[in-house]
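Here it is: the structure, laid out below.
In this document, chain identifiers A, B, C and D correspond to the written order of the chains, with residue numbering beginning at 1 in each.
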Amino acid sequence: MNTGITVHCLFFARYAEIVGRTDLELELSRGSTVADAVDRVRSDVAGGHDLPTTPLVARNQQHVKFDSVVEDGDELAFLPPLAGG
Amino acid sequence: MNTGITVHCLFFARYAEIVGRTDLELELSRGSTVADAVDRVRSDVAGGHDLPTTPLVARNQQHVKFDSVVEDGDELAFLPPLAGG
Amino acid sequence: MVTSWRFCRRLQGVDVSYLVRDTIDTRALLERVSDDTRGGAVLFCGTVRAGPDDGPVKAIEYSAYDQMAESEFANIVAEAAERWPDVALELEHRLGRVPVGEASIAIAAAAPHRAEAFDVCRFVIDETKVRVPIWKREFRDDGETRWRSNEPMSAED
Amino acid sequence: MVTSWRFCRRLQGVDVSYLVRDTIDTRALLERVSDDTRGGAVLFCGTVRAGPDDGPVKAIEYSAYDQMAESEFANIVAEAAERWPDVALELEHRLGRVPVGEASIAIAAAAPHRAEAFDVCRFVIDETKVRVPIWKREFRDDGETRWRSNEPMSAED
């Protein structure tokens, strides 16, 4: 039985420029947190090391903390500093 | 030498209805205060007793306290409770 | 005594009254305060209300001690300008009969930073309520009229 | 997961987005919140600024994570409605290129009592700045572009 999960990562605005893409599928081990996902993106994705170590992240379109556990099929959005208004 | 002074009283809105006029000349002794003027209007002017004992008063178009001394030629406006805005 | 410069403000060289007798053009007020350096603009409109606690109000007739009202508005504007020098401010108060739903007062403030624009608008409406000699008489559907005020015991806020 | 009802508000039976791509019609927003029971209306407009500290800004291009932005706006509106049940609230945020001097956001709130209308407008703009996933890129006269944000270290407020 496969114990891994897949999350769908989205990149917006300046972060999309940094990694040169707007999304990717990320394989993680079950029980991984948002922090684990961010670390993996920073280490494995081209340009990922230029992302901040603690970017704003939304899980399934809701702001989340870094210790939130991610689940299979989750969407993780990497949000640059907000500028609405 | 005449030691009296004359002040010009104005009445607005409901107060004009109460006293049935919009203005009058009031003779006062020198050194009188706003309070004295109000007392005189309440006692001597027809309908004056239906004015409140401490109405809002403006002296020469500025809000004043009751112990302000009035001078010859002053304009004293009797202002009903304000309702601007 | 009050001097004539206090009775009105000058706009592009023309004397303009804070008191008006026609519908207030809120868009024009907003445009007059806006410029490229001011990123936050706030418009306050006080409108004649006929809520459940107000009874059958049809219109309100506003009257003023005109000269003193102009002078008090000028004082309020000057105080706001001193306290918030970066803020542009315009206001108009309507006199005469104002139907339910139409604006009796509009205040527009614009500032580089939004907090100041909000603060100025609130300052101006709060001061107006307690300082400017304006009165209102309510006209009701049943033909009755009554004087209303901003005092706490009154139904108005 | 986010469900579709959160993406937009319904207005007279039609789904309406908080995000728009054209000029914001502030008068229409104000009219939508106004009715005879609400005596105080406040409109906030955030406009693209080119002040002395902003450099040669020509326009700002706004982009969003559209679905989440709609959802966050809906959440903010729902929170405001819960906290201030008497207040009517409308807002629009513009996306795409917005020239200097034009509004990127407009928020209209009307209430029986003016304090609530002010409070709701401030609540909505403050929450928008820290929660809604929208970004802006500045276009400058010299052809340069740069990303700007609402964070304290940024030049924006």
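We adopt the following convention: contacts are C-beta pairs under 8 Å (C-beta built on N, C-alpha and C of every residue); 3 or more make two chains touch, one makes a residue touch a chain.
Please read all numbers here as calculations on a predicted model, not as lab measurements.
K.L.:
Going only through chains that touch each other, how many steps at minimum separate chain B from chain C?
P.N.:
The fewest touching-chain steps linking chain B to chain C number 1.
K.L.:
Sort the other chains by how far their Cα centres are from that of chain C and give me the top one.
P.N.:
Ranked by distance of C-alpha centres from chain C, the top chain is A.
K.L.:
Give, as an integer number of Å, the spacing between the C-alpha centres of chain D and chain B.
P.N.:
Taking the mean C-alpha position of each chain, the two centres sit 51 Å apart.
K.L.:
Roughly how far is chain A from chain B, centre to centre by C-alpha average, rounded to an integer in Å?
P.N.:
74
K.L.:
Express in whole angstrom the distance between the two chain centres, defined as the mean CA positions of chain C and chain D.
P.N.:
Once rounded, the distance between the two centres reads 25 Å.
K.L.:
On chain D, where are the residues touching two or more other chains?
P.N.:
In chain D, the residues touching two or more other chains are 46, 125.
K.L.:
Let me make sure I understand the interfaces: which chain pairs count as touching?
P.N.:
A-D, B-C, C-D
K.L.:
Quick check: in the complex, which residue numbers of chain D touch chain C?
P.N.:
Contact set of chain D toward chain C: 26-27, 30, 34-52, 100-101, 112-115, 117-118, 121-122, 125, 157.
K.L.:
Can you tell me which positions in chain A touch chain D when the two form their complex?
P.N.:
10, 12-14, 58, 60-63, 77, 79-85
K.L.:
Enumerate the contact residues on chain C facing chain B in the complex.
P.N.:
For chain C paired with chain B, touching residues are 1-2, 46, 62-65, 67-69, 71, 93, 104-105, 125, 128-137, 147-151, 154, 156.
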